[in-house]
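Naming follows writing order (A, B, C, D and E), and every chain is counted from residue 1.
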């Protein structure tokens, strides 16, 4: 069988086009005197390594970065404006879509803010369930992050596949509890929506028991790998003083050697009852950020273990709490928790009606990006990609 | 950490000319805040950061807040000279007045070193149209850089002394400030199979033919 | 008629001689003047056919093995077990619209993939795929092979430069750096083989690796200390030469979108794809020839299996190694890539040069002296490796972590 | 084969059932059209392009549990030049819309578009937002819509199977021919500009007509 | 030593390569179109309307068009038009019913807030996910007829939840009957009983037993 000439059948056509693939207009950059030939490249908004629609306007001298300006807003979905037009309960499913890897912790942060605003107490059992879900979420986030980071380092998908293999197990738990894989919409003001069954707790126990073995294998694949170490050690150093001043939070701050963890500092929920440690790095480079997350996961396993063992009985929702038609007294409240990516906070201003007048999300990914240029200057494009990967951003949260 | 009142007194003693007001919070959260005269904002901020007892080294959150112009109904008492010798006639008259709104920026400060917070600072612009500038706190806390840009973008507060004040979320050619309460969205109405009351009104505006006789319309 | 009696030597076995017999049967009726030409054309056609098919199924095998490593099946519903997947891809690629940016250098943009495929193919002419199975016999075939291979990175540079795309340009610069860095260790690692074998001809080098110590330990170069070292250097350099992970910097997806391929679509893109696999196959075939005894069987008792089958098995194993490495490792950075070459591979290959020379000079040592010879050679590999590795990995290493005081 | 194009233009002499029967017995190809459609339907390479939440589920679909590779579609190409399918996975904001359309224009024909998730179809939960494009079909012709927020990876696979089916059913001649074989349809989509208040134009008039206000269940 | 980490990594991938042939933990693919996913009971995707019986879904919808879900739906994807007349529901009680009930699945985010706020257990979450369509408005806008699914289906997808709901509804119905009976008794005691209304109010308890007794739903309301 022979195919007829493609041109004659019109099966293929040749097109000559203007412009180049992915070519974008970048803002003009005036090089300093004495600089060599500089190349302006716009990494993103469509780029395999920007973790979504994010753009870095980069000026290169050879492959060395001499300027880098992050450009945001390609996923600005008006979350805050929508929050002002929605009831307090109605915003809960929207928080799922902020940091769409960690809907459970977003829910919790929002619930804490509303509980502060309206003075709602949370039941004991619900506090434990929240801790369990938040730590599962942390496992999920850090595992995926490590996978994505290694993908940025140039792995052909294998670490990401293993990470997602484990992610599916955690998502199965989320799904069988809350009904959805990613958008859990689980926390309620004063507690949680569903009481986990004994089978669910047994399944969680099984996952927690097996997670350490997965981490061992994952670390055998990556942590000691010479190429990984060469690529990540000494890259993107973040000094502690700058990190604090720039509002950097979460594992990124701890990798710089600051032992600041809201689970210890604020002691919200029932975290003070658990015995766990806060790993900190020395160098504050990409490798430290990766390793701190790895170690944090081991602590999370320990917290999960304690929480599953100490889970008390009782109701999961404060019977006095109100969900629909909540009208808090006029006032304001800022509630924050230690999300997997850092301090996630909600600032709510109520004027006594059913909708908040101001609904503000303090997104850790967004603030952590402040120092992106500082970290990348002097490094190469390949480094910028993994520095961005190690910051751990989710664009839904950056742009909101 | 010292009580808010003690802090207010200390700040007033340190910055004698500053108008510093403790703003109460009606909600059970009890997070009180300090409203500061913009002229002193940066100095106060730097003091809060560098004071060894406070050491508020982290500015966690920067928020804009819009209070639109609103109508105020006031009762005005006017006394007119009444009958000679008699007491003046006092007439009460209701009068509506447009109280100018303002934009407000709120900073949530925490101390990483001393593990306390939040101390909340607020500063108001003069109005919402021309006197919209406030001093930038980016020189004090780097974390304000992008967050202030966001407030500039969405609320239109101009931060004096900001190193790179450009729009951050919307594109550069965009003119509005969408988080303001009076922002009107562009009419890009999506035909919705499920029109609700206000959506329907919008639809009628958007598709004038729909309102024409003969065209099938959903009942409101 | 042919199988009248059991063959005296494996070289006479019917299966072993099948390709030659087939060729003779096809060309035997031709006049003598035409016969070599037609035979040459036949071998070209065979190489094109076999390696074309190999390319098609290499892509599928790579997708399936990568899948298995990643706990999933890979393509399995296009035809039975997904065996028709490469053909579906080929049909799609052939009929896909071809886009040429108007700003691009039209001629170079078209030439780059063609040149690349051609250069990847011509190296295969001098590989002895089996006993008496070599398309072109020449004295300096090793030299010819590497001369042809060196030009492939040039074609990548052409592609990157002609596209007039910033990512492509960066890829082109990387390709040049890679070319300059890795040709050196690649060639240096081959020199000891030439020294030991005493010939530049691939057939001679294969012949030099014939025979077994006690019928068990084949005299392959890779099974000697210096040879192993040279083999390792060769394979690392081959990875870099064929732009395979962890040295796939020119098309580094996470940094440069698709690097020099960013502006290529349709069939031209498929050609690049093909060239990458052909180049990989050619270098692997060369490695088999130089270090793994070519078509020689690993054990004397296994000689009854035809030589080209042994060659195929070794080639496929090396290609599996390429895939395995790709599935495991992240990518190096460009400065680390060049440093690995200049500070590690090149010195190692240079030391190995002496090592190979010593081996050649001591060829007549037997008995206990042979053990000493082995020991010296092993020392000549291990000691420089330790020193070079230490200097290369200075500053990197596993770390210990503290915990914050509560 | 000289008669191949003619065969392509008219439906083959065999009925669909007979063809299925033949196919079951391993006799596969009966015409250029079928071969062409078979080839491109089994080699749909998506663009490595994600927008928001749905992109995570798209990635999940390519991961071990769901393995989009089984359909021959795991080759996520980073460059639009080599991609056949754009999966618009997530909210398209107005700021992003020109880039998405430009990516679409940069893809060579034949190309397909899947709108994955509520946001890509209609703006979804964010459709009331000022910066959200109310459906990517305003600018790009969408082949398959996958509702859900986000759709399960299985739903994406289901959508992909539907797309493959759609490709296989396409006649190469006549009014139902695929877009890239018809000269009356534009090659490139209109790329919107970022204006002072909104994107200009707010939709591509060649591709999208504002629907009249007739509810489908009442029309 | 240089290379140890690399070899370790190769060992891990080799273990997975070999393991994928014998170890189910290292071969996790579920071949979707052939193997349908095992959806947990809690799984939710798009709402549906519960009707009591399968043979007359429109006549036995639990929904009384109170429009709470429409108001509470965060993305505003529900559209309800109340009927102008009343129609007996499954219990025979005259109720307002939804003349139009449409859900735009192209907008719905399956947050299940409609389910939470519904006081009548009339709207529940479905588990259908494979509804990809090539046409947006024909395929993705679900109207009343497409949304209505019988209680038996609800029992099939959410057995535990459905039993709870049934028990609760039965209890409510018993309580209502009790109340009605007491009221009727009180009225009977009174000199003049409002006989017609009292007879209509308790209705037939088990509608599913006698679906024929329910008048068919009226013609679909024409557009105004």
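Observations
By definition in this document, a residue touches a chain if its C-beta (ideal position, glycine included) is under 8 Å from a C-beta of that chain, and two chains touch if they have at least 3 such contacts.
Here the structure is a predicted model, which is why all the values come from computation and not from measurement.
The innermost chain, defined by the distance from its C-alpha mean to the mean of all protein C-alpha atoms, is A. Two chain pairs, C-D and A-D, are weighed by contacting C-beta pairs, with A-D ahead. Of all chains, C has its CA centroid at the greatest distance from the CA centroid of chain E.
Note: the chain lying farthest from chain D is B, by mean C-alpha position. Spacing of chain C relative to chain E, judged by their CA centroids, is 62 angstrom. Rounded to a whole number, the gap between the C-alpha centres of chain A and chain B is 29 angstrom. Taking each chain's centre as the average of its CA atoms, chain B and chain D sit 45 Å apart.
Centres computed as Cα averages put chain D at a distance of 32 Å from chain E. Multi-chain contact residues, meaning those touching two or more other chains, occur in chain B at positions 169-171, 178, 193, 195, 216-218. In chain D, the residues that reach two or more other chains under the touch definition are 35-36, 48, 63-65, 67, 70, 78-79, 81, 95, 106, 108-109, 122-123, 125-128, 130-131, 135, 149, 152, 180, 211, 215-216, 218.
Chain E has residues 2-3, 6, 9, 12-13, 16, 28-29, 31, 45, 74, 76, 102, 104, 107, 109-110, 137, 141, 223 in contact with two or more other chains.
Partner chain C is touched in their complex by these residues of chain E: 1-3, 6, 9-10, 12-14, 16-17, 19-21, 26-29, 31. By the touch criterion given at the top, residues 65, 68-73, 324-325, 327-329, 386, 389-390, 392-393 of chain C touch chain E in their complex. Contacts from chain A toward chain E in the complex involve residues 86-87, 89-94, 96-97, 158, 162, 165, 168, 172, 175-180, 183, 185, 193-194, 217, 220-229, 323-324.
Touching chain D in their complex are the following residues of chain E: 28-33, 37, 45-46, 74-76, 100, 102, 104-110, 129-141, 143-144, 222-223. Taken in their complex, chain B has these residues touching chain A: 25-29, 31, 57-61, 63, 65, 106, 108, 112-113, 115, 118, 120, 141-143, 145-147, 154, 167-171, 178-179.
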